[in-house]
Amino acid sequence: DFLHALSEVKTAFGASTKDLEVSRPNGFVDCGDRQRLIYESVMFLVERVKAKGRGGPPVTCLLHGPSGSGKTALAATIGIDSEFPYVKIVSAETLNGPHESQRCAHITKVFEDAYKSPLSIVILDNIERLLHYTEIGPRFSNETTHTLLKFLGKTPPERSKLLVLGTTSELTFLKSVGLRKAFSVAYSVPLLRTEDAKKVLEQLSVFSDDDIDEAAQALNDIPIKQLYTVIGMAAERGGRFKDSVTEKLNITHFLDCLEEVTAYV
Amino acid sequence: DFLHALSEVKTAFGASTKDLEVSRPNGFVDCGDRQRLIYESVMFLVERVKAKGRGGPPVTCLLHGPSGSGKTALAATIGIDSEFPYVKIVSAETLNGPHESQRCAHITKVFEDAYKSPLSIVILDNIERLLHYTEIGPRFSNETTHTLLKFLGKTPPERSKLLVLGTTSELTFLKSVGLRKAFSVAYSVPLLRTEDAKKVLEQLSVFSDDDIDEAAQALNDIPIKQLYTVIGMAAERGGRFKDSVTEKLNITHFLDCLEEVTAYV
Amino acid sequence: DFLHALSEVKTAFGASTKDLEVSRPNGFVDCGDRQRLIYESVMFLVERVKAKGRGGPPVTCLLHGPSGSGKTALAATIGIDSEFPYVKIVSAETLNGPHESQRCAHITKVFEDAYKSPLSIVILDNIERLLHYTEIGPRFSNETTHTLLKFLGKTPPERSKLLVLGTTSELTFLKSVGLRKAFSVAYSVPLLRTEDAKKVLEQLSVFSDDDIDEAAQALNDIPIKQLYTVIGMAAERGGRFKDSVTEKLNITHFLDCLEEVTAYV
Amino acid sequence: DFLHALSEVKTAFGASTKDLEVSRPNGFVDCGDRQRLIYESVMFLVERVKAKGRGGPPVTCLLHGPSGSGKTALAATIGIDSEFPYVKIVSAETLNGPHESQRCAHITKVFEDAYKSPLSIVILDNIERLLHYTEIGPRFSNETTHTLLKFLGKTPPERSKLLVLGTTSELTFLKSVGLRKAFSVAYSVPLLRTEDAKKVLEQLSVFSDDDIDEAAQALNDIPIKQLYTVIGMAAERGGRFKDSVTEKLNITHFLDCLEEVTAYV
Amino acid sequence: DFLHALSEVKTAFGASTKDLEVSRPNGFVDCGDRQRLIYESVMFLVERVKAKGRGGPPVTCLLHGPSGSGKTALAATIGIDSEFPYVKIVSAETLNGPHESQRCAHITKVFEDAYKSPLSIVILDNIERLLHYTEIGPRFSNETTHTLLKFLGKTPPERSKLLVLGTTSELTFLKSVGLRKAFSVAYSVPLLRTEDAKKVLEQLSVFSDDDIDEAAQALNDIPIKQLYTVIGMAAERGGRFKDSVTEKLNITHFLDCLEEVTAYV
Amino acid sequence: DFLHALSEVKTAFGASTKDLEVSRPNGFVDCGDRQRLIYESVMFLVERVKAKGRGGPPVTCLLHGPSGSGKTALAATIGIDSEFPYVKIVSAETLNGPHESQRCAHITKVFEDAYKSPLSIVILDNIERLLHYTEIGPRFSNETTHTLLKFLGKTPPERSKLLVLGTTSELTFLKSVGLRKAFSVAYSVPLLRTEDAKKVLEQLSVFSDDDIDEAAQALNDIPIKQLYTVIGMAAERGGRFKDSVTEKLNITHFLDCLEEVTAYV
């Protein structure tokens, strides 16, 4: 089934897969129906790449949504599950050199390497960060923007088939620089609703059956990233979880930490 | 007739023609009366270039319209059908080097090569992209803008006759930088209306006679590029089309994919 | 008479005159009373330069008006008719090098050459283009602006007398950068009114006597440049004019082409 | 107890600790309940870092609040009290070189050194100053902003655990450049209320019992930095405190100096 | 008397005076009471420089007023009449090199040369042009602005006494960059009123007694520069003045030219 | 008494003091009670520097007020009267090199020299000018701003005690770049009121007893700088003061000059 498929470790791809695993250090949990539908739609695109005839620009898909909603983990998981021989993630954390020409050269290299493989996935993670976008100004690298536009529109060489997955939490910005329409499809990765959050808490087994509903009730429209932070803080505050992950969280600590984390945002 | 003329492969022009064929990897289909009228008007300009006396600036024509409406495919087809000895497309995908001085040098080279041929067409594809235009700011290369203005206004040497075809989906921007009025004529390439979309679906034979009307009905004012994307996705989702293109699309899959593609734009 | 004087070919000035002839490849036609008055006023300035005592800045005159109204052709004709030993046109098409320091050096050279001649005319054609002006921003070269201001205000050396003719279709911009008031006089070159257009059509003999009034009637406030474009297109569309320029235009083709050319501007 | 714990001198850490002591030259005083709660919450994070499993980005925490409210002293104290082998403060005063690339290189070095230690704290002090932020414009270094974002999001190498403490008095600016949400938790360091100020004055023994209430009453919502300034000025004005810190302040001098310091801000 | 004093040629100062004479190629005419009062006030400053004790910044005076009102001619005349051993004019026409660092170096040189003379006048002509000021943007050289501010505020060496005369037609701009208040006094050089214009026409003897009143009547609030232009054009148009300057102007030609010159400004 | 103390020449400090004397070439006069209070408050800070314990940032004080109100003279006098071994003034007139990196290097040198002395004063004169601030834009050097912020916040080395005195006539600008709050105290140096002006006129003995009240009456809210200018001009206009400063001013000339100087500001 779906979750089982996701949790299978793909070991065949060496270093590349390792880079992807960094994005989901604790494995992959089911975040509810809406995320699963997106996973399936993108996996259809993976199949379409394989089936695609020659010619034309790469297949392209954008995952957007609030900060911390799980976009990178989802893209990395699809990269792993594709079993394509070339899967590469380009992120602000891995881009070397602060100058835009260095970033453009890095991106160019990644696509040119992809062109050498019959089947490839390039993940452009947090595109606004790749562009050094800052809201005030706004400031961003126009040169890098046009480098991305170029490779999203460029027909790969004959024997190479390519899927480009982008992620962003700044969809409006991407629209304004023309990058949104450079992707054929776009999916909105949602926050966790109460029922999704409960599902995640169950999979992580951090609450006793008595507390789980009260905890989930406090968690509407939360990014999964924040949920992990709150769990980590509450675990520490209770003085537990140090030696063993089997103990449960104190619901009061949990709610206190939740408040601290969501205040002043 | 028109369609026949269009689908004829011109093989005499070698590498140049190959660059143009990339813009219409699946051949050229009839997109309805409005596009055909534009094709004919521009072909008259091709004739006028041949008939033109010496002196004066090049004949110039701009194709503008929504993203994905088929402007590049149309310009490329005219380039092929002209049978001119020199037909060159300048696009963001083929421009080397991210620096504006490199782009200007490339453009200068293309025009200077054109001046060596008695009859030439230069296609300036997606002019806003050649200028590295981005809506916010706005940002664009003023140097490249003035390089284009220079060659659009410059009288070619005595024995050389030149047609410049531009395409853009940012007509307002081109007006604001003075490039619109540097073209003598401009045609607006339209989206597919329901009747045009039906004509395209018939030519591609992707629907059974039962479904084609329902499919076309859902397709008003769609760019042909998006129509191709939807067809590709629906084919994959149905699990068909992999081995053979003769099977038909499932209308429900088609409508689902259409919704996914047109959402969140 | 006036027209006769204008059409006389001045052959004595070699290369310089050739550069000027490029601006009016089909000779010079009478565009009506208003343009003729401007021609005469500027020819008086030509005389004044000759009569001028020593000292003081150059005589300066600006021709402004809508795009394509015939400013460059008029300035070039005056340059030819002056019979001055040094007549030089500086235009965006002839300026070498995209960098502003190169453009400034070129302009400096032209003026320093002029200072070596007892009588000279420097035509600064399309000044906004020389400054790489673009409406959005606005962007323009401040360095080039001040180079022009310098030479418009600088007293030539003792034995040299100089007339500077400027042309522009962006008078408001020139005012805003202080270049308008650097010229002593300015004349507004008008569009063709119906009666002017009729006069031009008569001189070109492109219509039969039956059609000429209907054609002229459709042509109010048109730039002469656009009129030439429409005639060229209509000639091609009718399949005529190819071998012989004596045949007449079809009035329907003419009106169709007029509509195409004036649409979407 | 709390105060005792704070005032203990940690001598084991050599040079690093010395850098931190500079931020609280007169030791650490108790500033009231609200600051103490923040101290405790951040010390829990220190514990969490130790307990944290492998993988994932660093633990991050931002201290924000009005200028002079004691943020740097608090962060430095936590750094000292953590007893981590690597505690490094990055501040505008210690950053070498005025060019942004130098600042980025310095920051990169600090994080790369931290990665070599099993447990580390990096204090990014006055982040807006590290970015050379100035309100008008606004101006700031986008390159440095993205260098910080990179290291706040980057997973440290396997055996290294890292806490990043930031301080700022420009929370709105940090939000607008996306740095606020790069920190998991944020605490607001408050000004001294009357009761807090009284507690500070008591600890410093600068007033006689007769005056302390009148002094505290005048001190609502004052930054501790300003309180130290006023005390220093009043001491001088009274001609006392020169040889001995045991004498008391004159309340009138104190109130005069308070007025001078708080005027014209 | 006044006029006589003005028209006396000062020959003792060699090259410097020649540079100044360029600004008034046809000598100096009396422009009416208001200009004369300014002349006298500034000549008092010349005397004050001589009488001034040691120390303190230079004596400074700004002449502002509409373009062409005679500011440069007035400043040059004062420079000549001062009989100071060092009188230097810095103008956009004499500044070498388009780059601001070159302009700053030139200005620095002029002041350092002045410091070597016991008595000097530096004329900063058309200060806005020295700063490459352009209204749109606005653009100007901040570096040159601060170079001027520096020398206007800097105390010359002991044995050197200095008067700085500035001219500008952009007083508002000078205020906004802080240059207005760097001058101790400022005088507004006026346009010619009808009675002033009549006085000028009389001195130039260009009209018969019958016409002079009609001519003067048409000339209210005119810059003297424009009056010279109109006289020159009218002279040419009448076909007179070529061989001899004793003939009179035709009043109709004069009024026509006046209209042409003042139109479209 | 106060004035006597001020007028005493401090000769022990060599070159440094000479630099300071330039700011008050005619000695120091009493400008009324309000300025005297400021003098005294800052002299208390001088004492505080001496008495200060080790550690913590430098003592800092800002003098702000209208242009020409006497801020620099006041700061220089305090520098002289402090008898500190290192007193250095940094002003736009003494900063070498127009480039901001040169200005930053100069400022850095001055502070590093100060750190070598046990007691030092650094006067940052006209801070907005040090930053090359210009109101339009606004333009200023962000790099220099942050260099000043760095040294205002940096703890001097152990054995060095430092007072930083700033002056500015652009307090609003200093606030907006965060420099105001980098100073602990700020005093507003006032214009001369009628009674202050009278006191100054008495000290300078430029009026007879009959005229002094009428003169003072005309002088409300005047900067002392302007008062000196008016006196100088009036002296010249009366033809007096040339050989001897003992004669008195003519009240009419004085009032005329006052009007000329205060007009058109």
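Just so it is clear, A, B, C, D, E and F label the chains in written order, and each chain counts residues from 1 on its own.
What we mean here is this: a contact is a pair of C-beta atoms (placed from the backbone, for glycine too) under 8 Å apart; a residue touches a chain by one contact, two chains touch by 3 or more.
A quick note: this is a predicted structure, and the numbers were derived from the prediction, not measured.
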{"item": "Chain F reached from chain B - shortest hop count over touching chains", "value": "3"}
{"item": "Third chains touching both chain C and chain B", "value": "none"}
{"item": "Shortest contact path, chain B to chain E, counted in steps", "value": "2"}
{"item": "Taking each chain's C-alpha mean as its centre, the one farthest from chain B", "value": "F"}
{"item": "Separation of chain C from chain F, taking each centre as the mean of its C-alpha atoms, in whole Å", "value": "60"}
{"item": "Between chain A and chain B, centroid-to-centroid distance (C-alpha), Å", "value": "35"}
{"item": "Chain E, residues touching no fewer than two other chains", "value": "none"}
{"item": "Graph class of chain-chain contacts, one of line, ring, star, complete, other", "value": "ring"}
{"item": "Successive chains along the ring, chain A then chain B then the rest", "value": "A, B, C, E, F, D"}
{"item": "Contacting residues of chain F [partner chain D, same complex]", "value": "41, 44-45, 47-48, 51-52, 54-56, 59, 64, 101, 104, 138, 142-143, 145-147, 149-150, 153-155, 171, 173, 176-178, 180-181, 184-188"}
{"item": "Chain B-facing residues of chain C, complex", "value": "22, 25-26, 67, 92-93, 98, 129, 132, 134-137, 139, 226, 229, 232-233, 235-237, 241-242, 260-261, 263-265"}
